[in-house]
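See below for the structure under consideration.
Note that the chains are named A, B, C and D in the order they appear, and that numbering of residues resets to 1 at the start of each chain.
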Amino acid sequence: MKLEDRAKLHRQMLVIRRAEERLQKLFSDGHVPGFLHLSIGQEAVPVGVSQALTERDTVSSNHRGHGHTLAKGVDLKGFFAEILGKATGLCKGRGGSMHVADLSKGMLGANGIVGAGLPITTGSALALKMQGQGHVAVVYFGDGALAEGVLHECLNLAALWKLPILFVCENNGWSEFSPTERQLATSLDKLAKAFGIQYSAVDGNVVAEVAAASTRLVKAMRKTPAPAILECSTTRVRGHFEGDRQDYRDGDEIASLSERDPIRLSASAMAKAGGTPEMLAEIADAVDAEIEAATQAALEAPLPSSADILADVYTKVAG
Amino acid sequence: MAEIRYIKAVNQALADAMEADPTVFLIGEDIGAAGGSFKATRDLLEKFGPERVYDSPISEAAITGMAVGAALTGMRPVVEIMFMDFTTLSMDMLVNQAAKARSMFGGQGSVPMVLRTPHGGGLNAGPQHSQCLEAWFAHVPGLRVVCPSNPADAYGLLRAAIDDPDPVIVVENKALYAMKGDLPDDREPIEIGKGRIVRPGRDATVVSYGAAVAMAETAAETMAEEGIEVEVIDLRSIQPWDEDLVLESLTRTHNLVVAHEAVEAFGVGAEIVARMADIGFDQLDGPILRVGAPFAPSPFGKTLEDAYRPDASRIVAALRRTLA
Amino acid sequence: MAEIRYIKAVNQALADAMEADPTVFLIGEDIGAAGGSFKATRDLLEKFGPERVYDSPISEAAITGMAVGAALTGMRPVVEIMFMDFTTLSMDMLVNQAAKARSMFGGQGSVPMVLRTPHGGGLNAGPQHSQCLEAWFAHVPGLRVVCPSNPADAYGLLRAAIDDPDPVIVVENKALYAMKGDLPDDREPIEIGKGRIVRPGRDATVVSYGAAVAMAETAAETMAEEGIEVEVIDLRSIQPWDEDLVLESLTRTHNLVVAHEAVEAFGVGAEIVARMADIGFDQLDGPILRVGAPFAPSPFGKTLEDAYRPDASRIVAALRRTLA
Amino acid sequence: MKLEDRAKLHRQMLVIRRAEERLQKLFSDGHVPGFLHLSIGQEAVPVGVSQALTERDTVSSNHRGHGHTLAKGVDLKGFFAEILGKATGLCKGRGGSMHVADLSKGMLGANGIVGAGLPITTGSALALKMQGQGHVAVVYFGDGALAEGVLHECLNLAALWKLPILFVCENNGWSEFSPTERQLATSLDKLAKAFGIQYSAVDGNVVAEVAAASTRLVKAMRKTPAPAILECSTTRVRGHFEGDRQDYRDGDEIASLSERDPIRLSASAMAKAGGTPEMLAEIADAVDAEIEAATQAALEAPLPSSADILADVYTKVAG
C-alpha cells in the first residue's frame, strides 16, 4: 500500500479514536445521556472495510457503531451532536449513540438489538442486486451476535439468493461481561462452510490486512453478486459500556492490548513505509482540531424542543 | 364495476401496484410458484418474474427484516406472512426496526414496506392459526394498520398501503377471502385513516372492522325489524382510526357498541371506547359495550369455535343492553 | 421490616424461591457470573451453582422456549430478558406456546414459567431500550402479567409468579430499581390479581401501576392542597386486574383517571376505561381520562424523554379536567 | 433384529398408516374440521425412534405429528376423538390434529408453528439433565424447518450445554408446495459439523435402520448427556395437507414412492426373516379392528360443550 493511502487510513482511525476518547471524557463529565459503547481498539475494521466502499454502498451496524458510522463518511459534527442528544444531531437527538444513521451516506443505522442489522442489510443487498448497479451492502456485528437465530436465516438467504453482502464480524472475544467462547459451540468459519459462503479471516487490528481483504471481497461481489464473510479478530479495550469497570477481566489482559493497538500498528507500518514523525504529528493535529470543533459545536447546540415529540413518527399525517 | 372475490381483489391490487411501480416487489413463503397459501399471489410470478416475486424459505424474522432494509434502500417490498399468528416471529423487525426507523433517525427517510397477513377464525384452524393480533400493532407508534371488510376495500386499502411512505400492516381476514363484491372500475386507493358509514341509523352506533362489519349489518337488520335504527361504521383503518367519524356518529345516536373478532380484553375496541369515554362522554346515553372473543385461545373444535367467535346475536344483545 | 432496594427485593425473591423449591432455576444473558445487567441475580450463581443459574448466549427465542419445555417437564424456570424491548424476539414462545399449552392440550398440564423483564424510560436509553409493552401480553389469554411499583411488591409479586402454575410475565421498572422501601419480615407472596389502595380519597380515583403509582401519589398530594381528595390505586397485577376494587372506588369517587408510563393509545389504560365505561357507567360524573406516553417512539435526548414520559403534572391536569 | 421385534414395529407402523388412511376418509366425508397433514410414507421414522424411548423420555413434534404421537404410545381413542374435535379427545377437542399432546406419555405436543418444537424440546432436555435420571428428549422436525433461526439457537445451546436431545429431521424434500432444495443453502450434516454435534443419516423408510441408529444414539446420551442429530430421508406421499392436489409434483415421482413404502419394505424384511403371510394378515386384522373401534368411538363421542370455552385457560382463577 502506498504511503499516502496508509496515511489516509491512519487519519480515519485516529478520527474514530479521538472522537471516542472525547466522548469518554464528555460522558464522565455528564454530557452524554444513555449508554455509550466505545470501540476503542477496533478502529481498523471499519476503516479497512470502508475504503472499499462508495457512498452508494450501504452499511448497517450494532450498538458499538461509532467507528462504522464515521468510517462511512458521516459528518462529524452531526455525529457528536447526536450522541449528546442535541437538536442538530444527525437524528435530531432522537436516536443517540445506539442509533446514529445517515441515509444520505448509505449508513442505515447503528442498532440496539443484537443481530438486527443482519436481516436489514440482507434486504438492502437484495435491493442493491435488483437495482443492478454493482453496489454492495456491509453488516457489522460482534461475536456475541453469532448466537442469534437471525444470523442463520440471513446466511441461508444470502447464500441462496447470491446477494452482494459482506458479513463483517468483529470478534473481540467478549459478549458484554462474558467470554464469547462460553456462549458458542460453533464459529464463523464453520458456519461459512456450512452455507458455502466465502470466508476470510484477518487480524482486525491491522488496517492494511482488513483493507486488502475487503477490497478483494467487495470487488468480486460487485462483479458477481454473492455473499462473503470477513472475520476480524480485534480487541475491546474499554468496558462493555462506559461505567463498566471490567472486574471480570484480567488486568494483565487489558494492559497487553496496547501491543495490538491498531493505531500504534498503523503508525509503525507508516514509519516502515517512509512516513515521518512530522507527518504523523500533522495528522494528529488536524484530527484534534476537527474533533475539538465538532465537540464545541455539539456542546453549544440547542437541545431538541419538547414540542417536537410527535414529529417524524410518520412521513405525513394520515386520516 | 366487476364482481370479484376478496382474495382476487388482493391479487389485483398487487398486480396493479407492481405494474405501476417497478420498485414494488413481493416476498413470502410459497407465494411464487404456488401462488400463496390462500392464492393471493396467483400468477404474479409468471407475470413479473422471479426478480419481483421471491419464494422464501421459512424465515419470518429475516424476510420481514429484509423488507425493512430493502425499503431503506429505495424499494417497496410487500411481505406476506402466511398467518397472523406467525408475526410473533417478525416482531423485532416490525416494532424495533420498521416502526422506529423514521422517528429515531430524525426523519431522514422512511420505510415504505407493507406486511400482509390474514387473521381470524371460522376455519377450525385452531389456536395457532386464528388469532387477531392487530391491537399489538396499533399500540406501536410508527406503524399503520388497516383491515378491509370486503373486496373493494381489500383492493383500495392495499393500494394505499403500498403507496404509503411508512410501514403498513394489512390485516386480511381469511374467512372473507371467498367473499364476493364489486370492485369499482377506477380502482383507486382508499385513504388510510378514514372510516365509512356502511349503514346509517339514528338510535345507536356499532363500530366494527373486518369480519365483524357483516355481523354488525345483520344485527342492524334485526334491530330494524323492531324499529330501532342502528348506524354501522366500518373503521377500515385501525391505526390511525377515524375518531371524528365515530364521534360525529355518537353525537347523533348517543349509544355505542364496538364489535370485533379479536379477543375483547385489551383489544382494539378498548381504545375506541376509551376515547369516546373521554371526548364523547357528554354524548353518551348509556354504557358503551364491546363485543369480542372471550378470554381464551381460539379453540379448534366446531362447537367451541362457533361459540367463541362473535356473531350478530351478540351484537344485538349488546345493543339491547346499552339501549335498555 | 428491613429497608431494601427494589432490585435487591427481586434478588431476595429469587433466592428465597430457589431455596424453597429445587425445581426453580434461572436462565438469562449475563445473569450468572456478572449477576445480571441490573444485578437482579447478583451472587445467585455462587449460592446455587451453575446447575441452577444458566448464563445463556444471546438467544432470546431459544431461552424463552426452553423455559416452556422445562416447565412442561417438571421444572419452574425463571427467564430474564434484559430489556422488555427484546421480548419481541420471544413472542412466538410466549404467545403461541406458553400461553396456549394448557388450554390447547385440554388442561392436561401447565407451564409454570416466569419471564422477568424491565420496562420503562428515564435512563435516556432510547427507543429500543425503554418500551412498555405489557398491553400486548395482557391481550393474550393464558398469560398473567404483574408490574410491581415498589420493593415489597417486587418481592411478593415475583414470589407469587414463581409459585403460580401458569406462565407469568413480571414487568419490572428499570427506573425503580434503585428505589428503597420496606420489606415485611414474613416475606409472603402477594396474590396475583389483587390491587391495593395506596392512598384513600373521596373525590376522584387514579388507577396506576409501576412507575406511575408514585406520580399518582404526588398528583394526589398536589390536589389535596386544594382540598380535593384523590384515591390512588396500584393495580399491581395487570392480567388479571382488580376490576372489583376499581369499580368499588369509582362508586365512591365517581371520577376516574388511569395513568401509566406506556403509550396511551391501545395501552393498558384503554381496557380499564372500557370496562368502567361499561360496568361503571352509571357511577361516572365526568369523562374518564388517561395519562400515558404520546404516540411516538421513546426518544433518546434528555429534553425529549422528559417531555415524553408521563408525570404528576399531567395526572393533575387530567384530574382537573375530569372534575371540571 | 428378531422377528418378533420386527413384527412389533411393523404393527406400530400399520397402526399409524391405517389411522391416517381412516382420517383421510373421515376428512373427505366432512368429519375432520380444520387442517389435516398426513404422514403417510413417513411412518418408519417415529416407530424406529420410539422403540428406543421410555414413557419418561419426552418428544415434541410439528404439524405432521400423527405418527410421532401414536408411536409414543398415546391412546388411539383419545387421538381420533381429538382430531375429530370431540369432547373425549386427548385435548378435549381444543387442539385438533396440529396440537395433539399427551403429557402423561411424555408427548409434549404437535405444533402449528414450524420450528417451535426445537426450543421446547431443548428445554425439556435441560430439565431431564437436571433431573439426572438418564431420560432424553426427542424433537421431530421437517427439512423446511431448517431455515428457521431457532434451529441455530438450539443446536448451539444443546451442544454448548451437552443436553440429551435427539434432533430427528424428517427430510421428505418438500416444504409445503416447494422443493426444500430451493430454500436451503445448507444441510443438516454441514450444520452438525459446524456445531460439533454427532450426526447420523439413515434411510428413514427402513424402520430397522431408524431403530438401530436411534437405539445407539439414545443409549449413548443416556450415559453421557450430549445432543445428536438423526436425519431420516423419507417420503411425503400425500399433499402438504388434505385437499392439496399436488399439481406442483411430478405424477411419476408420486407413483414411484410406493417402492419406498416403509410398510412394504418392513413386510418384505419380515418375510425374509421368516415371517409368514398369516402373521402379517393377523397383524393387519388386529390393527383394522383397533382403528375401527377408535373411529366409531370418536364418531359417537359428544362434541365439546360450548360452555367450556373458558375452561383450562388457567390452572386456577386468580384475583
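Here is the rule we go by: contacts are C-beta pairs under 8 Å (C-beta built on N, C-alpha and C of every residue); 3 or more make two chains touch, one makes a residue touch a chain.
What you are looking at is a predicted structure, and each value in this text was computed from that prediction instead of being measured.
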Looking at the contacts, which chains touch subunit A and subunit B alike? C, D
So which one's got more C-beta contacts, A-C or C-D? C-D
Using mean C-alpha positions as chain centres, tell me how far subunit A is from subunit C in Å, no decimals. 36
Rounded to the nearest whole Å, what is the centre-to-centre distance of subunit B and subunit C, using the mean of the C-alpha atoms as each centre? 30
Could you tell me the distance, in whole angstrom, between the mean C-alpha positions of subunit A and subunit D? 46
Centre-to-centre distance between subunit D and subunit C (centres being mean Cα positions), rounded to whole Å: 40
Shared-contact residues (touching 2 or more other chains) in subunit D: 89, 91, 93-95, 99, 111-113, 147-150, 153, 156, 160, 182-184, 313
For subunit B, give me the residues that contact two or more of the other chains. 56-57, 59, 61-62, 85-86, 88-89, 92, 96, 103-104, 126-128, 141-142, 295-297, 299-300
Should the pattern of chain-chain touching be classed as line, ring, star, complete or other? complete
Residues on subunit B engaged by subunit C in the complex (per definition of touch): 85-86, 88-89, 91-92, 95-96, 99-100, 103-104, 126-128, 131, 133, 135-136, 138-142, 239, 263, 265-271, 273-274, 276-279, 281-282, 284, 286-290, 295-297, 299-300
Which positions of subunit A touch subunit B when the two form their complex? 58, 60, 89-95, 99, 101-104, 108-109, 111-113, 116, 118-128, 130-131, 137, 149-150, 153-154, 156-157, 160-161, 311-316, 318-319
Partner subunit D, residues of subunit B touching it in the complex: 29-30, 33-34, 37, 55-59, 61-62, 85-86, 88-89, 123-129, 294-297, 299-308
Tell me, which parts of subunit A touch subunit C in their complex? 33-35, 85-86, 89, 91, 93-96, 98-99, 111-115, 144-145, 147-149, 175-178, 182-184, 248, 303-306, 308-310, 313
State the interface residues of subunit A toward subunit D in the complex, per the touch definition above. 147-153, 155-156, 159-160, 182-186, 190-191, 193-197
